[in-house]
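Chain IDs A, B, C, D, E and F follow the sequence of writing; residue 1 opens each chain.
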Amino acid sequence: MRRLMVSILEQPLKIPGGLSLASNKAQSLREPLRQAPIPERLIVPLSQHIGEAAEALVGVGDKVLKGQVIARSLNYISAPVHAPTSGTVTDIGEYPVPHPSGLKGVCIVIHADGHDTSAATGLAMDNVFAADAADIRQRVREAGIVGLGGAGFPTAVKLNPGPQRQVELLVINAAECEPYISCDEALICCCTQDVIDGVRIMQHALGATQVVIGIEDNMPRAIECLRDGLARAGSHDIRIVPVPTTYPAGGEKQLIYALTGEEVPSQGLPADLGIVCHNVGTAAAIARALLRGEPLISRVVTVTGAGVRNPCNLEVRIGTPMAEIIEAAGGYTDQVSRLLMGGPMMGISMPSDRVPVIKTTNCLLIASREEAPPPLPASACIRCGQCTDVCPARLLPQQLYWHAHAREFDKIQDYSLFDCIECGCCAQVCPCHIPLVQYYRFAKTEIWDQERQRQKADLARQRHEFRLERLEKEKKALEERRAHARKGLEKRPKAGDADAKKAEIAAALERVKAKKASQDAAARNIDQLTPEQQARIAEVDARRSGDGTAGR
Amino acid sequence: MLTATLALGILSALFGLLLGYSAIRFKVEGDPIVEQIDALLPQTQCGQCGFPGCRPYAEAIAAGEADINQCPPGGDSGIQALAELLGVDPKPLNAEHGVPQEKRVAVIDEQTCIGCTLCIQACPVDAIVGAAKQMHTVVAEECTGCDLCVPPCPVDCITMVPVKQDIVTWKWPYPESDTRPIVIARQA
Amino acid sequence: MTYRPVVISAVFLFLFAVIGSGLVAFTHDNTAEQIAENQRRALLRSLNELIPKDQYDNDVYADILYVHDSELLGTDDAVPVYRARKGGWPVAVVLAPVAPDGYNGNIRLLVAIRLDGTLAGVRVLAHRETPGLGDNIEADRSDWIRGFTGKSLNNPKQDHWKVKRDGGAFDQFTGATITPRAVVKAVKNTLLYYRANGDKLFEQHPQENKQS
Amino acid sequence: MSELALILVSTVLVNNFVLVKFLGLCPFMGVSRKIETATGMALATTFVLTLSSVCSYLANEYLLAPLGLEYLRTITFILVIAVVVQFTEMVVHKTSPLLYQVLGIFLPLITTNCAVLGVALLNVQDKHGFLESAVYGFGAAVGFSMVMILFAAIRERVAVADVPAPFKGSAIALITAGLMSLAFMGFSGLIKG
Amino acid sequence: MDFPTQSSPYLPVANNLSRLMTQVMLGLIPGALAMFWFFGWGVLFNLTIATLSAVTAEAAMLTARRRPVKATLLDGSAVLTGLLLGLALPPLAPWWMPVLGAGFAIVFAKQLYGGLGYNPFNPAMVGFVVLIISFPLQMTLWPPPLGMHTGATLGFVDTLQMVFGGTVPAGTGLDSLTMATPLDAAKTQLGLDYTWSEILARPLFGHVGGYGWEWINLAYLLGGLWLWRKRAIHWQIPGGMLSALFVVALLFYIADSDAFGSPLLHLFSGATMLGAFFIATDPVSAATTPRGRFYYGAGIGTLMYVIRTWGGYPEGLAFAVLLMNMAAPTIDYYTQPRVFGHEEQ
Amino acid sequence: MTAYKDIVRDGLWSNNVGLVQLLGLCPLLAVTGTFINGLGLGLATLVTLVTSNVIVSLIRKLVRPEVRIPVFVLVIASVVTIIELSMSAYLYELYKVLGIFIPLIVTNCSIIGRAEAFASKHDIGRAFTDGLSMGMGFLLVLTTLGGLREIVGKGTLFSQAHLMFGEAARAWTITFVDDYSGFLLAVLPPGAFMGLGLLIALKNVIDGRKEKRAALVSAAKIESPA
């Protein structure tokens, strides 16, 4: 096992690039976190996060209890879905889901019975801190917990760094760098104990020797709460480090850099450095699951913006249609012009408020025209380089733009397109108003699509070649048979029949074999991939579906 | 005049010897370019290019017998890739060979199918399964959407349906708020 | 491995080379004289502009001498001197000196000096001065260069062999002083050279120190 | 030594073969669409140009001059060049498939690159010796390569620009070349003589 | 309720093109005023004519290309091209020179490539170079920088007549109205084997640079620094250019102070500061990577020195800028920054 | 076999050496300072093209591939040298002006290009026609560009005609603007590049117009029966 040395810096670093943005968090923090009412009808998508969609376990008409598993995960990188409240399944079908495409996805629709009766989940553990890490992971997995801070990556996977890696440092991401969003701060102030318990459970499960909570230095109240909480719990080994307020200091790689001075390798994971990074909300969810047996069926959502009457933070059941939440926050004002899921920098705009809240919905920004004006007409890039100045990934956004603009997908990858975290800083400063991030997203999805097409073409080529070979063989066999038959006719007219038959059988056998071989070939096609290739495919798949559910 | 002819004559005779010798000495066979071209073709195997499948078309291009703009499934991006590989100018798709269409797959109407196996024989990638006199189905993942199975069917039970777009295959659109026209790479 | 093809290619190339070079050689033989004549006439035309044809009767083109003087003639190379005679008597010499300090480098001149040291004329053979500025030294573009005709080291005085801007007697062009300055200096130097060596220039016989 | 350095600077910058002397323009326009191909062409040309500059010097010095056959210069030089090119191509093709992939398709084009013959003829005209010929050839090739690669990089940018339709392609490329030669005018007068 | 959708980010954008261009124009004011002070009305005529022609040419081309005219003109880039060209031309230049130069700049160097953002070469400098190689005579006729305070500069009406009518005011000649610029004169004198100390003693020269020119350069420097403070330009290009010019000049100056001008002279003569802060920084045609910008600037500084010192033109800025424009795409290619999380190349 | 009509159209317009194939650029740009220079080199190239095309077509079946290029080159070089010698004998002044570009006709890519691409595959008649039309096309571009550059750059046309047509031709010079100070750019290298760029753009405009008209006509044809 490789031991990695990571040390937390005395003075957090400034991240490369980035922007200073007006935080706009105060309005939603005026009142403390409260519960949103449970709606009559909940729409629970089967795919809410990065990774494979879950498979429904219930049928239409089934009665379900709160916390009951209604869809199971089939895949390692996947998470089960639980009923957010008790009621009846009225439909399983396609409904609009929060995704930039505005397309529909499979959802389970539950009519709440209003009792909110809990099911026995068996998730709670008696003595978590004595438990085996594998057991903890299993329960985290069964609780359907995914990262609540970003892309919604299944948390159990991240808690398992693998046998080759030793995790030394657990970074808790409480930075909440995007403007308007305050759900983490609300959670920290309201459920400090849950957060701390969760952090300690993670520390235990990972065997991390150091824990640091990274939090932006403009959240003094949350820092205070955490300090108090930690002191009360006697967890003096958990450090709180305020990092300079810069968007996107909360990005995983940026936060790790700010805290430790280490750069997560491109295409790599923090675990490569011996670091794992989790959001505070994720920590709280783990604590609730393992200490109180509650699976992930609700989360804190910031409802804010000039378009909503009473900006606030609400604890919302997964599957609640957004309209209901906005209602719970006092309803729309007449300034409303746009509905965003997530913050103003990375959020996705919703075509309607009928879509449900999912596990990764951290914020609903109901923006006015002033807060989120319609896009200005773009002009060609003048290479002013302002985008380069602010890019936290130290990319050359203008170069990426030129190649995306020209659809030069090979070249754009030479400029490390896939290191772009889509933070939006570049587009925010561009004097030419170019929708840069959309260009990158366009290029990324286009490249994934090409990759898919290429794989398909490779398969088709193999199958076609195989077929040609088969036909060739059949033709030869036929000719042989004919020749044979002719010979037979000349010599032994009677025996011909039997021979022909034999040949036919042989040919049939051949065909069967061929078919089998072809299947083998197809199977090999997947087998022969190197682990990296497989990982990449998995990654691509994951990211693709992640698009829908994550704030990316 | 004599010196002139002699000097140059001898010089070139020497050169001739040198070249003739090296032509034999440094002979090279094989043509890897075909593979490279083939790798760029979409492998739909539809034959719209006028060749029986993608590879023959690749060979024809390599031999200079076919132009690069004859493959409708490859579309403009395919032509561009070929142009880049071969170092020639891209040109618009030759409409004689068809127009690019959205991706489609064959679907067999299972009620109507009489199990004649004609479509199986037509399918270039063995994407149709089913024994004689039984109902046939198309393995959608393997179907390249080449249309070849449609004409042979005696009861017209095969239809080509567009591949449905879902969240996984969805692509971000090219930003349109950019007022400039879309430039297809390297037409200049 | 058979070497037949090798021989065939060799023979082929040989044949074509022989035919080609044969034809070229044939043409060459038939045109060589004409070409030499052309070259001669081309130079003569320039010379005749400086020294009218009726003033001499020798074959100026052949009556040639090469001299060296990098100081006064502006170049390390040999400078040809053509000599015009009438009835065997020297009439004038034509030198081809170089003005090395033009705006863009060398300016090649043709300077004709009569026996008495007055200028029969000056022409520019080649230069790289800025078109539109410095190229007014060409006879086709302005009369400036013709202004030298008849001048000598006494006319104007030797210390007036300068452009006006430097206090001399010769015009400069608007915006371009360097070029005329260089030309004036080169012509003056040529005259100085002639004053020092003029008598010797007619002595030697062409064949004696022909040089290439 | 400084003489040779002067020749080098002069051929690369001041009397750049392509932009000032107008030699080798066809490959300059023809294979400069992409940086990679331009680089390949540049390498191939550098090699051939230097070699043939030397070879034709030898041919002139030891064959034509002694026999008084200067008028056969063009024929001889072009023959030498054609053979050098053809020979290089065959050898490279056989011995280094990788290099051939990079340079292969450009080699035959070089025969008709008039910079090559131009260098040979200018060597004679300027009375260069052996070393000078080599340096002159090399300098010309470096100048050619340099502007070719820079040009290709610009063309890649121009290819994705919003160029008016009639100017798309070679027209704008020529105008770009024109602006480049405009810039190179700045070097005029740098080396006098 | 339904909403419009778009890609993130959504926050209002404060930055825009016309603001950037306006800042650059504001930055030019001190330098332009200084030039007006020293050279008189001709400067103003140049600026007006060049700007009007540039805008007209832009409008005409946009119309011909069927592109939005008004919106594009409002970005201010054509105006800026005109202004910069106007500042580079000799005052008293006949009216058709700024017209021709600006037309050439906009049509050939900008619009044929697709307009703002696509031009590989600096339009204003293309216009300038076209003029200097075509009309070297007119382009070297600079009036002496006498200054308004002496009352010796040409009056408004005289200038008007000269620019539009080509008529020289009575009692003067073209030769007396114009003279070589300090750089030009120095070059000429050096050719005559004068030493720098002799040359510098002439009234053509002031404290560190050419008389008048040093103040003009100082004014441009101030405007440039303001631009940098405003983040309209990056420091690398002017920094690279000025430091390269300084270092190269210093090396030669140390080697032979009689034959080569002092570094300060180079920094404060001719178009150095205008070039460093306003021309070399044209983002469209310059290198864009942070490191690349520095090399790009350094290249301009070096080439400028080479052309000033040994070349055929007294001022090398325009050529140096165009030459480095040529190299900019290649520089960009080879100076990509290390991406976050990538190994050092 | 290619029809004669197509060969001619190709050479003169649709596959023009200078405007479309972009071959033979060096002389095209270098010697087109004046109309007469362009004419002189154009004629020399024309003769070379025709002769070499015919000879190559004659010997096309005899040559082995490995010496094909050297043989073609030899043929062309011989023709060019003969022309060069003849020019210096009979058109000496013009010869001096065109300078190194006469021997460089050898490497005019269009000549060897035509030999390779056309003459080595076609019979004499076609090879001759091809050479003639390609050469004419090239000549056309050379003279157009030369004329334009001369007019813009010097304000004259047909100056120096005496180099080709003898002393009597001195008077042919047309001066457009008296006292024209000249627009040097046009005569200098940059002007050559840009001039050719503009010519190509002009051709593209004409082609575009033609295409549009053709499209209109065919559209009308389709519509009319309906």
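Criterion: a contact is a pair of C-beta atoms (placed from the backbone, for glycine too) under 8 Å apart; a residue touches a chain by one contact, two chains touch by 3 or more.
None of the values given here were measured: they were computed from a predicted structure.
*Asks:* Go through A-E and A-D and name the pair with more C-beta contacts between its chains.
*Replies:* Between A-E and A-D, the larger count of C-beta pairs in contact belongs to A-E.
*Asks:* Farthest from chain C by Cα centre, which chain is it? Let me know.
*Replies:* Relative to chain C, the chain whose C-alpha centre sits farthest away is A.
*Asks:* Using Cα averages as centroids, what's the distance between chain C and chain F in whole Å?
*Replies:* It comes to 35 Å between the two C-alpha centres.
*Asks:* What's the distance between the Cα centroids of chain A and chain C, rounded to whole Å?
*Replies:* Their C-alpha centroids are separated by 85 Å.
*Asks:* Using Cα averages as centroids, what's the distance between chain C and chain E in whole Å?
*Replies:* About 43 Å separates the centre of chain C from that of chain E.
*Asks:* Would you mind pulling out the distance in Å between where the CA atoms of chain B average out and where those of chain C do?
*Replies:* Roughly 68 Å separates the two chain centres.
*Asks:* Which chain A residues touch at least two other chains?
*Replies:* Those would be 100, 375, 377, 379-380, 405-406, 408, 435, 438, 441.
*Asks:* If I count partner chains per residue in chain C, which residues reach a count of at least 2?
*Replies:* Chain C, residues with two or more chain partners: 5, 8-9, 12-13, 16-17, 20-21, 24-25, 28, 103-104, 132.
*Asks:* For chain D, jot down the residues that touch at least 2 other chains.
*Replies:* 71-72, 75, 79, 83, 86, 90, 156-163, 167-168, 172-173, 175, 179, 182, 184-185, 188-189
*Asks:* Touching chain E in the complex: which residues of chain A?
*Replies:* That would be residues 16, 21, 100, 102, 179, 253, 257, 263-266, 268, 323, 332, 336-340, 342, 344-353, 367, 370-377, 379-386, 388-389, 392-396, 398-399, 415-416, 419, 422, 424, 427-433, 435, 437-438, 441 of chain A.
*Asks:* Which of the residues in chain E end up touching chain D in this complex?
*Replies:* Chain E reaches chain D through residues 65, 108-109, 111-115, 118, 120-121, 126, 129-130, 133, 303, 306-307, 310-313, 316, 318-320, 322-323, 325-327, 329-330, 333.
*Asks:* Can you list the residues on chain B that touch chain F in the complex?
*Replies:* 12, 15-16, 19-20, 22-23
*Asks:* In their shared complex, at which residues does chain E touch chain F?
*Replies:* Against chain F, chain E makes touches at 108, 130, 133-135.
*Asks:* State the interface residues of chain D toward chain B in the complex, per the touch definition above.
*Replies:* Contact set of chain D toward chain B: 31, 33-34, 37, 59, 63-64, 67-69, 72, 75-76, 79, 83, 86-87, 90-91, 93-95, 97, 105, 155-156, 158-163, 168-169, 172-173.
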